[in-house]
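Worksheet: one structure, shown below.
Chain nomenclature is as follows: A, B and C, assigned in order of appearance, with residue numbering initiated at 1 for each chain independently.
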Amino acid sequence: TQKDHSDLASFQSERVCVFGTGDLGRSLGLRLLQAGYGVVFGSRRPHSSSSLLPHGAQVLGHAAAAQSAHLIFIAVQREHYDFLVPLANQLKGKVLVDLSNNLKKNQYPEANAEYLQSLVPGAEVVKGFNTLSAWSLQNGPSDANRQVYICGESVEAKQAVIAVAIKLGFSALDRGFLSVARELEDFPLQLFPQWRLPLRIAIGLSAAFFFYLLIRDIIYAYVTQSKDISFRIMVSLANKVCPIVSLIMLSLCYLPGVLASFLQLYRGTKYRRFPDWLDRWMLCRKQLGLLALGFAFLHVLYTLIIPIRYYVWFKNRTTQFDMTTAWRGDSYLSLGILGFGLYVLLGITSLPSVSNALSWREFSFIQSKLGHLTLLLCTAHTYLYGWNRFLSSSTYKWYTPPGYMLCLVLPSVVLLLKLLLITPCVDRTITRIRQGWERGADQRNPKDSQPLIP
Amino acid sequence: TQKDHSDLASFQSERVCVFGTGDLGRSLGLRLLQAGYGVVFGSRRPHSSSSLLPHGAQVLGHAAAAQSAHLIFIAVQREHYDFLVPLANQLKGKVLVDLSNNLKKNQYPEANAEYLQSLVPGAEVVKGFNTLSAWSLQNGPSDANRQVYICGESVEAKQAVIAVAIKLGFSALDRGFLSVARELEDFPLQLFPQWRLPLRIAIGLSAAFFFYLLIRDIIYAYVTQSKDISFRIMVSLANKVCPIVSLIMLSLCYLPGVLASFLQLYRGTKYRRFPDWLDRWMLCRKQLGLLALGFAFLHVLYTLIIPIRYYVWFKNRTTQFDMTTAWRGDSYLSLGILGFGLYVLLGITSLPSVSNALSWREFSFIQSKLGHLTLLLCTAHTYLYGWNRFLSSSTYKWYTPPGYMLCLVLPSVVLLLKLLLITPCVDRTITRIRQGWERGADQRNPKDSQPLIP
Amino acid sequence: TQKDHSDLASFQSERVCVFGTGDLGRSLGLRLLQAGYGVVFGSRRPHSSSSLLPHGAQVLGHAAAAQSAHLIFIAVQREHYDFLVPLANQLKGKVLVDLSNNLKKNQYPEANAEYLQSLVPGAEVVKGFNTLSAWSLQNGPSDANRQVYICGESVEAKQAVIAVAIKLGFSALDRGFLSVARELEDFPLQLFPQWRLPLRIAIGLSAAFFFYLLIRDIIYAYVTQSKDISFRIMVSLANKVCPIVSLIMLSLCYLPGVLASFLQLYRGTKYRRFPDWLDRWMLCRKQLGLLALGFAFLHVLYTLIIPIRYYVWFKNRTTQFDMTTAWRGDSYLSLGILGFGLYVLLGITSLPSVSNALSWREFSFIQSKLGHLTLLLCTAHTYLYGWNRFLSSSTYKWYTPPGYMLCLVLPSVVLLLKLLLITPCVDRTITRIRQGWERGADQRNPKDSQPLIP
């Protein structure tokens, strides 16, 4: 039963120690107890703090607590680590899990975990669990697929910590050696890094088109006809900015893919890295698309409330019924609706749990095929909106084109390039390249290549 | 190769036994076979039942089946457990997994698993898998992040069961000793425990405001002008109740957080528990918010169909165009739209898979910062709706304020309190408290404290 | 410390080898390095390819690489497997993980993994990881709950591969012996298998009703009054097809459940398989429901834009205000809105991450109880739309009933049958049957039965 005992040791009835009786320490202790561990809190003033501690936990002085367990969680602020120095003997050979975080990046010269290791060289420091909040520690199970990242020098130490993490219902990922600690400590401080660029683009475009349209519509009317229609800013203008930004960002989300294909075509191989800007761009396509969906959503709402606005009722209704206009108007609306429907579908399939349930081929089918179809529908929707006004000179107030014309440039380009790519001959070459073929490299042996799943 | 054999034993080619050929038994057997186990069904009448059993499974009498495996799943109703008594010898030292559930809570004096243990003291009973449906057992992989909860006295036994659970693609959580079994058996019987309170609040508020508005609008019109506008109940009234309830519940969802902060301020420490009512309240904030979103969603639909309702066309349209009214009306709509947009964003980020993908800081940024912004927008939206009618006496039929005024009280209070909290001086104190500082406790050593991730 | 070493061996500091420097090979190598493995690439031309390989990886000739590790990932196209034959000696006893995929199903007589095994009989071939894209291999952690399916003859080999998979943050499922490989290789090629049937139904229904309504509305008007209203196709017609298809598919999604109950009632037992067509039908209920939701969504948008369409303003508005019409119109709209609200709720709860967070009872409550309520509301919504036109002969152009009448048949039937099922006496029998009771089988011992969780 040697194995049973090792199991016994590695899983259960094992006592673990927690230094620090703050939020995180207490929540962690609670989860450990629930998972069947014996928990010993190490505290400077056991009695004052014990009142708050989860029922069933033991509270001892630091030294005694340290001796009682092999695994010790350090839920204490870095500023107070020095209290561990005198405990060096009790901590020798123990596994110290550093849960600490900082208030801002690069607050200290070295990572907290590395600092801890330097203070207690005899112990085996493992960084981990710091990416969790006290909250998600308390409600672990509901949060089952939350990853726990750990790193450290000693393999055995990391194994022990991973075992605990799994026992608590988390899935642990070993990120390597202690040098990664800094990265792990910066993680909780990050705020939507991949969303930064797309958000900047969205805000930039919105601002630009807002002022452009402000001049073309409101100010123009004021200057030329000295008519004050400034109130249009709230709805009419917003309802022009939203669709414009949405369409542009949607095309920005499919442009890099097209560029990449042309680059591969030009280079005649897929075995060369893309320029960094293209890589970065491709990595934020999802965010670009979701922001575009957001703007489309607002556009839909802004459009649907038009008839509710009371002054709409004074609009001059003398225009005669005209079949062409009816056709155009209805197709315009219909395309918009279908486009938005697909838009929403794309958004739903980019939800983590949905995309995880799809096979890779299914995911790329939706995101690429249906994605380009969405772009096509929305672009056609906009062209129909413009209709014959492209030609009438009255459209070009102060010789500037209206917003919808400007926003049609990019999507048209993307669609044209895409059209080029799916022409049989080009498509064939691309496919061969993706399967590892290299132009002018046929004497070289293309053996070591793996096709993308078709 | 001692280790290999232990692996061998603990994972594969191992035969497991299933007592009971009902739905659950059969589904379980099927999954076990797919996962590579040898499966032996124990049945009273092997031949009659075998027709239904998954292909590849073996069917034996109970005694023979019991002897053939170390791990035995009991997929039988508690009422029939007595048939296990005569098998005591064959079951000695075996691991019995109790999958049973009851039809209602507290149906029996003790938990089924404890009853089973008392019947077969020689065996090691483990409670588990009972929280799964036959369905989710059949489609395991698609349901990968479904937790399996187990409990039992013997560590080795639980290890063996956990190994099987993981092998079947579930993540197992050891909840402790057999005394927890009752809790696990009650779990499948629960029906939205955290939703109860929020739902009651929602229904209560809806009913209250429905009758209040019924009297103020329909009955008032009938009594004073003997005009029957009862048909308004279906849309107009519903479209007043929905936004009112939505706004109130949204503020109810941010009130506890504000109260908690003030409590911490008042106590000057975070190391004291909140009163239970506050804890319970904070635990159902998510549900409150989602219900509020639901009502807001209905409000949007009810508003958008207004122009479709045919009698709208008879509305008197003689009012002159007026700039202020236009400004007010459009801002009112615009704020509503933006508010709803953020509302939806909050809803999306509270989807498990999305919130799990966020770092803790990102999640709290959205739920707190954007959440309060949503509340602000929706409140402003309502104030604009009221506009100058707050002053005109005609608004106060029978001396009662209209619904939107009543519903503005709570959000205004919440926003004011929040405003107080973010004033620099107060904010600084709160932050220090959250980082473990305690008022008038500076001689006590604040070492054992861990800052919330800022 | 024998255990520690075995851990050491099974987890860390272990070198793994990757044959093939294509996309998949490189991505895999990168993940392996991140997870703390030592990675050796086997390449025909180490120097030319090394430029592209992840930093920290070693590149050797195939023979040397093979000797350096126990576990070898074969990220090479099947066509090139023959280069492994001369390496037979170095590969003896090694674990070869076959990651390959084909471009279409049944491309080769036997599965790639089986072919590989036949080429290198000395090695232990394991099929696995082929269901992942290069992309999801690179971004593993974000994709944590992605399942990895593996199969193979040797248990130890599979254990080793599972250990790596878990280390990389995936959850591995052992699907059995190498004979399953074909199935695993076909998986990435599949494109929404469960969606095929529902999609066909949806398209079929849409087409049928489109032409039916085209004749009844557009062509009829043209023939009888020689009036061209073809422009109505874009919105009016679409807005008739969508709700019709949506309602029919929603009822198709609840019909099988009702049929199944009646079948059990008729058979007097639940221990007999349902006919295959019924099983298949029940398995695609979710897809049917989601498609129905999609059509309902379009219906809502199409309805809401009605007042925006410019010619709507010419509609004859002379009809007098009439209380009954007002009541009917508003109830019609209100029921539609509530129905759609529940519709959306059903859709949300069928998101994997949401349904996984629900207990089985909660899930079935929503999908069954609320589902039938949705069907009821939507059906009532349609009946109110028809209202008294059911009787007026003018409704039946060319003696054909309008679309909404046709689409009312199925839901009405489903609701009637459901009504029958919930009548106390029938309900009691069903419940007993579901708990394992069998009619006329009481002398047979119903011991081996397990109630569905109530």
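Just so it is clear, a contact is a pair of C-beta atoms (placed from the backbone, for glycine too) under 8 Å apart; a residue touches a chain by one contact, two chains touch by 3 or more.
Not measured: the values here are computed from a predicted model.
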Neighbours of chain C that also touch chain B are A
C-alpha-based rotation, chain A on chain C, 0 to 180 degrees, nearest 5: 120
Same or different for chain A and chain B, when you check if over half of the residue numbers at their contact belong to both copies? different
With centres defined as the mean C-alpha position, give me the chain A-chain B separation in Å. 24
Indicate the residues of chain C shared as contacts by at least two other chains. 142, 145, 171, 304, 307, 351-354, 356-357
Across the complex, what residues on chain C touch chain B? 6, 142, 145, 147, 149, 155-156, 158-159, 171, 173-177, 270-273, 300, 303-304, 306-307, 317, 319, 321, 323, 325-327, 329-331, 333-334, 337-338, 340-341, 344-345, 351-354, 356-357, 359-365, 435-436, 444-445, 447-454
Touching residues on chain C, where the partner in the complex is chain A: 3-4, 7-8, 11-13, 19-25, 34-36, 43-45, 48-49, 52, 75-77, 80, 83, 99-101, 103-104, 131-136, 140-146, 167, 169, 171, 187-192, 228, 230-232, 234-235, 238, 294, 297-298, 301-302, 304-305, 307-311, 313-314, 351-354, 356-357
